[in-house]
Amino acid sequence: MVDRIDEAWIARGVRRAPFSRFLLWAAPWAALLLLGAYAIFLCLRDGLFHTNMDNRYVFGLWIFLDLTVIALGAGAFFTGFLLYVLRKTELKAVINSAVVIGLVCYSGAVLILAVDVGQPLRAWFTFYHPNVHSMLTEVTFCITCYLTVLLIEYVPVFLKNRRLKWKPSMLVFEYHLHKVMVVFALIGTLLSFFHQGSLGGLFGVLRGRPFAFREGLLIWPSTFFLFVLSAMAVGPSFVALTTGLAEKITGRRLVKNEVYQTLGRISGKLLLAYVFFKCLDTLLWINQTAPERGFPAHRFYEYGGAFGTWILFAEIALLGLVPALILLKPEWRARRGLLLGAAAMACLGVTLNRFVFTIQTLALPTMPFDRLLLYWPSWQEFAAFGFVVAYGMLVYSFSYRYLTLFPQERELAMTEARR
Amino acid sequence: MRKLGAENKTARYAMLIDLDRCNGCGACMVACAVENNVPPPQPSATPRTGLNWLRVFRLNTGGRDAFIPVMCMQCGDETPCQSVCPQKAVEFDPATGIVGQIPERCLGCRYCMAACPYQARVFNWWDPQWPAGMEQALNPRVSARQRGTVEKCNFCHGRWQAALEKAAQDGESGPVRYTPACAEACPAQAIRFGDLNDEEFAAECRDSGAFRLLESLGTGPKVFYRTSRAEVREATRGFGEVKRG
Amino acid sequence: MFPWVYGFEWNAGYLIFLGVFFTVALVVAGTVLAALWRSFRTVRKKQEGRVYWHTAFEELTPEERRCRHAITGELPERCCDREFDCRGCRIHARLLYSDEAAAHAAGSGQAEACGVAVPLDRYYHRGHTWVREAEDGTLLVGLDDLGRRLLGADGTVETPPAGAELRVNEPAFVARRNGVEARILSPVDGTVLGPASDGEALVRVRPAEDFRTTHLLRGGEAVAWMRHELDRLQVALAASCGAASLADGGAVAEDLGRRLTAREFDTACGLAFLDV
Amino acid sequence: MKIDRRDVLSLAGGAAAGLAVSPLPWRLLGDTAIWSQNWHWMPRVPRGAIEEREARCTLCPSACPVKLRMTNGIVHGVAPNGGALCPAGFAAHHLAWHPLRLRECRRKDQAVPLEEALSSLRAAVAQRRGAVAVLDLAPGRASSLLHRRHMAALGGAYLMPPRIEGGTAHAVEALLEKRRALAADLASVKAVLSVSTPLLDGWAAPSSAVERGFRLIQAEPHRSRTAGLADEWLPVKPGSETALLLAVGHCWLKRPEMAQQLERLKGAEAWRQAAEAMPPQRAAELAGIEAARIEAAAADLLGHRPSLVLADGDPVGGPLSREARAAAAALNILLGAEGFRPVPPLPLPKDWTLAEAQSLEEAGDGSIGVLIIDEPWPGVSVPWQLVEKKLARGAVVAAVTWNRAQFARHAEWLIPAPVWLEAPLDAAQPHDAPRAQIAVAPAVMARPKDTISAAEATARLAGVEMTAADEFAALAQAAGSEAAQIGDNGFYWSSEAKGAAPAAARIAPEQWTAETWLRAAAPSAASPAVVAFGWRQAAVSPMLGKLWQESELREGPQQAVLHPDLLRRQGMEEGVLARLMSPRGAWPVRVRAAETRPDVIAVCGGPSLALACEVRPDGAWTLGEAKVVKS
Amino acid sequence: MIRTGILFLAGFSVALSAGWWSVPRLLYRTEPQPAQFSHIAHTGEKGGMSCEDCHSFRADGTFAGIPKLETCAACHSAPMGETQAEKDFIARFVEPGVEPEWKVYSRQPDNAWFPHSAHVLRGKVACEKCHGEIGKSDRLPVYRVHRFTGYPEDVMGKRAGPLGLKRAGGMRMDDCVACHRQNRIEHSCLDCHK
């Protein structure tokens, strides 16, 4: 009986696990969500001493998480851009999923940011008294606006739930929103371009941190553009990866192979471009930017261990060039395992890049008599991290179960059944 | 914000610290904390989470211990922290040359701390707490900061304001003279406070023996150091300067 | 943020930054408001039905959207791009005999597909309703045999009251059984006159003046379509609910609804009436 | 009338629209932000006029002049008033709100009214007439004189803890054939060999650490602050100090001028034999340093005359062994005691009868029936083992103290004392002061209810009907003559020599043989050896934690310093919490890596660590068989 | 439809009045002053005193604010007039020597620094500019304080203006900024914040 509780909410013609199985799947995530909520409550009530951040590691796991999920969530804007503006119609098969991923990533990031700042009650000061020269201002404005856009983009997906669309007005609103979606796709692209970039700029402008500082164009350091490019490169990869994972977990085919191929091809091209520019940038930094600020670049890697040159190699070659090549070669790309593996590597590469800019920048000393410091997050930080992951999992799972994330699913299921 | 009334002359307050005289007693750190209502350490605070507007580092130079007091350098126009604050909680006061940190405005994002190469900024990880009753002994000239905000040295702004108040009473005009708590406290008179618009003081700071921390970053700090010990000079040089020198 | 707020600076950086921000905010808000306003107008003009079918049609799989002429084999594989409204379709017109009226005259006789009766005296809509011209020039609208069998004895169909306007491909009736609801599309344009007196039909409709039957299936075409539909239902049930079977030894069961589980019934109902 | 969902929705929609066009949402945003600047649990700073007052910081014998800034009668700032202040001075006014402050009179765990405590004590004194004693943890104050007066009236004893700061001077006095009171004269010496004496860290007036005109050779197992600032650091093994000092003597013996000086030394022959048997090579082996460094140190002291050898010990780690102190004293005598100058004894009013000032070590075992401990300020302590021995069976112990923790385990009565600024300011005699002096000034802040200073308490026991302030005034009157200065800021009285000689140190080398010296020269066998050290001023205010807890400027209480290699060998990491296990208790300590001897763990402690030390027969304090283990 | 409209309007108007009127009022709490005080009785013809006679500067340039009891007691050791308020004041405060705890309308928060000397002595700003014509009032205004923040209403809320007399320039931060901006003496936040 329990298994049939939510049948009326599930779209017709697709197969979903019985409700009890779904509960079983959701329960651990919900538990993680509760633990995370408790950790967040502690931080909000008592202050940030619950974290292991300190005056040197002013940013920790959370900012790393924010940067990473926002890079990975770039799939939302970029898929929308490809679909609505460049008219890559096959991507219609993943756009809803991409929107939900984007929503989850951005809302998770904003939520963690609200905990990460010391005085969340004053968050609106950034809007009311903005310092437009700060990259963080740009980030705050764009992320907030883009989150709004994502919410608006999510509305049609949401309204198409079987029970909701029974009310004619819901469907009508969905229809009209969908008709103007290209506007949101364009706005989303504009906003994403600026905040992905300014997240990179965030570190690139730090004059006092020669490890992160980069020369740039006008007010934007090179990291601005590299972050945009890397996010665009890895966004489709992440969409492919999540779709692949969803297929694995649900055991159903959700999108056609051509969609994977399109995503992989686009990701591969952009990744290659990114690796090229990243190499240029790194060479410029090693030979000019850093020495000019008084820090020969080799000093940054003297500490070895966790922060040795292997990071540079892994970031650019192992997790940049290699997946780019795999994704670009059609024969390799055609193999699902290789394609998803390369997508995962690309995602890891960008994650590592964000790690380098947040954590390694802070780990390295600037003053000659200071030393390298290491940091390990507290359980509260991990739990809050888990909160975002669990929240994402739950929102995605609920969306998958009750909304139509993959419009091709029914067709593919019928094709399968016919066989 | 940057406009100055015509009748005001400006000051560029600065410090000159003689490392040879500093014996690392820490009087400046304690005096600073007491003056500026910085709370005493929380039981679980560490050097990494502690609240010090002024921190004396012990240098291991092989021989006799050397010490280097580091506070906010009140960087010049290239202030790395000011431009990054998303909501103008950091500002450069053109009338005094002091970089102000306004806790009432501060969001606690700590971006400015990441931007500061001198580690001069500290964050209130805890609610500020004093042992019961000790809050009666707070300095009336300085307000206590809330948890979740960044704070740092502002060359004892409370004392500057007191000096202004007195000057207004006495009908004096122009930049005021005052002494920050650390300079007052230093038993060895290693810390000297002055105005770079004062030719004599500026000349001493420009002296060939004087240097600033991480000069190669181009931040234009207004805290100058002096030492005659070669090994101490070596240990405080930026990496780039080592290469050049 | 605003010129009157403390700390505002009149310089290029501010003006550009805030200008872009306010533009974005205005565009976003304006677009949402525009969508809201259009929705309001659509509802006021009572065009929800059209939107409903438009959206529903979008969700059909290519196979479900297969052109009627592809079903009969007249054309190779083709998907309908006119939301099953053949009245303006060039291809449809081309394939028809020159005498349109004759081509669309209802025939007579009885056919069947896998045990499902397909009386040939009427026109069929792809949502499993039929239309039959009565002697008095009014139209009778009813569920076809598959629809009837799906609903079975304990299923009901909610019909619109007399005077309600029906439009082709817009929801007209609601089928209900054991808490499962599905919308049934109207095969005709016209005004409901009231419940039909004969047991077969649901309502009697006065057709609109320009009503034509071009978009409806008839004759052998209807039989081919019914076979296609049975196949589609069978596959869809297999895809979403496992191995339920519509047929019982080659013929579709009489009270289909009773053979199916609730979930299967729900799926079958929705797919049959094109309410996915 | 049926209310359906549509009604509720339209009402809610209207309300939302109404709120959106009202200022309330913005207002609440603003108000909550202002609230976040103004949380009710945030302390409010005082308001009112800021006054300045001159006074002295009497929390150590240096009695530095200070300027106090106060509002509404409460001091909120301390600044030097011409001269220097140590870091503790700047937070000294926090003592009144110290988290460890004793705020109520207690008998064991029970709060009792102060009067009840005093009458019980009076009854106990009456019962054990004559067996009453005061242990004055801060001797040399005006209050000390009052204690002696009150004890004289009661027929009791006045006891002082073993002298640490100034212990070498004391030993020199004892070893000289002709006795006179001496004090180290840091202002005029050119070289100092200091053995485990925190010469530059709280030992003397803070200014001596600043303007230092002498070459400093510090012999100490760990790199203390003084060792870090010294020109030369000799990292000797713990316990090998006597060997080092004898070896310096060995280097000097050949010089003809030494023979003459040697005559002034009591028990010179035994010492000479011992020194001859201790060439630098042998001492170097014992101490674990190179012989050349010992020879260089010996030469340095002769090359920079006047010079001085100090072996006082550490305020928390305790005095060095009697032999080490004597060996240092012997070297000073060879130098003609040129680094010392005579000190006139404390001035005493003619008409006051005073009990004799006695060292605690000299008091008869089991002789005390009622013991009043006077702990007027933080940082002073004495191993309880030393006190315990002197108590009679069933003795009553009362501590008049500012601190609720230190004597809580040992004393039956804990009586709250007013602290600095609440009681009349009463500085102790500095051990290196050129003149004997008493500095007394009126209290600055209001005294909390139910507190009583130890001198007032002993006055009550002795039936003296005077307040301490009155007695101070009487003291000033009695001192009378030329040097007394009485004014708003109290009086600072210095005097020419009058009255009794200082209590004798129990150093009697005339009875020693060369064997005695040499036996004491062997270093401790334990490896790693655990040694204690500390800084008296550390306990003054929690604010001082800025120096060791919130930065790495210096070591602070409950921190253990290990060589990085030893740290690794012990399987610990910098900054972790470990346990110091000693026969008399266990303490959590945070370990820190530092350049120090790899076979030594130096534990920085507070007064409670000193309280738990054991006292060796040679007078040195140790932690016993202590270990630092991972917790 | 009409019913929906009425309900919508009802919700709208309730929220609107709550937002504009009742909640902003509820945000403040009224607190009584320890005693009644008439400025005009002191500054008018009869008293003939000026502001500085009671509200004086200290030697270090700080402003003493509301006078202490001793200032009042200097004249009012015995009743000078006929009023009951004065008799009460003497009985309750002067005779027992209890300092009355006046609520200060212009009490700025800890983080604000307002040097009266710089404004009044150097800048020649009249007291009335900020405080309004409180010197002409014959009784004390109602003292209202914000419930969350503890700020007096005059500092955070509406502009000060006692009892129908001329309204003041105000003592909110916005008022300070407006005046400073007008006079082009706006340097930094730390000019006024501490």
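Per-chain residue numbering starts at 1, and chain names A, B, C, D and E are given in the order in which the chains are listed.
Keep in mind that, in the parts below, a contact is a pair of C-beta atoms (placed from the backbone, for glycine too) under 8 Å apart; a residue touches a chain by one contact, two chains touch by 3 or more.
Keep in mind the model is a prediction, meaning the values are calculated, not measured.
By count of C-beta pairs in contact, A-C exceeds the other of the chain pairs A-C and D-E. Relative to chain D, the chain whose mean Cα position lies farthest away is C.
Of all chains shown, the one whose average CA position lies nearest the global CA mean is B.
Here the spacing of chain A and chain D, counted between their Cα centres, is 60 Å. Computed centre separation for the pair chain B/chain C is 76 angstrom, with centres defined by C-alpha atoms. Put simply, the C-alpha centre of chain A and that of chain E have 53 angstrom between them. Each chain gets one centre point, the mean of its Cα atoms, and the points for chain C and chain D are 95 Å apart. Contact of a single residue of chain C with at least two other chains is seen at positions 6-7.
Multi-chain contact residues of chain B (touching two or more other chains): 1, 46, 49-50, 57, 88, 103-105, 127, 141-144, 146.
Counting partners per residue, chain D has 32, 35-37, 44-45, 50 as the residues that reach two or more other chains. Against chain D, the residues of chain B that register as touching in their complex are 21, 23-27, 29-31, 33-35, 37-38, 40-41, 45-47, 49-52, 55-58, 60, 64-65, 67, 103-104, 127-128, 130-144, 146, 184-185, 187-188.
Note for the complex: chain A touches chain D at residues 119, 121-122, 124-125.
Chain contact summary for the complex, chain E toward chain D: residues 3-5, 7-16, 18-20, 23-24, 27, 58, 60, 62, 64, 109-111, 146, 148-151, 156. Considering their complex, residues 29, 32-33, 35-36 of chain D touch chain A. For chain A in complex with chain B, the touching residues are 46-49, 53-59, 116-119, 122-123, 125-126, 128-131, 133-137, 140, 202-203, 205-210, 291, 293-296, 299, 361-362, 366-370, 373.
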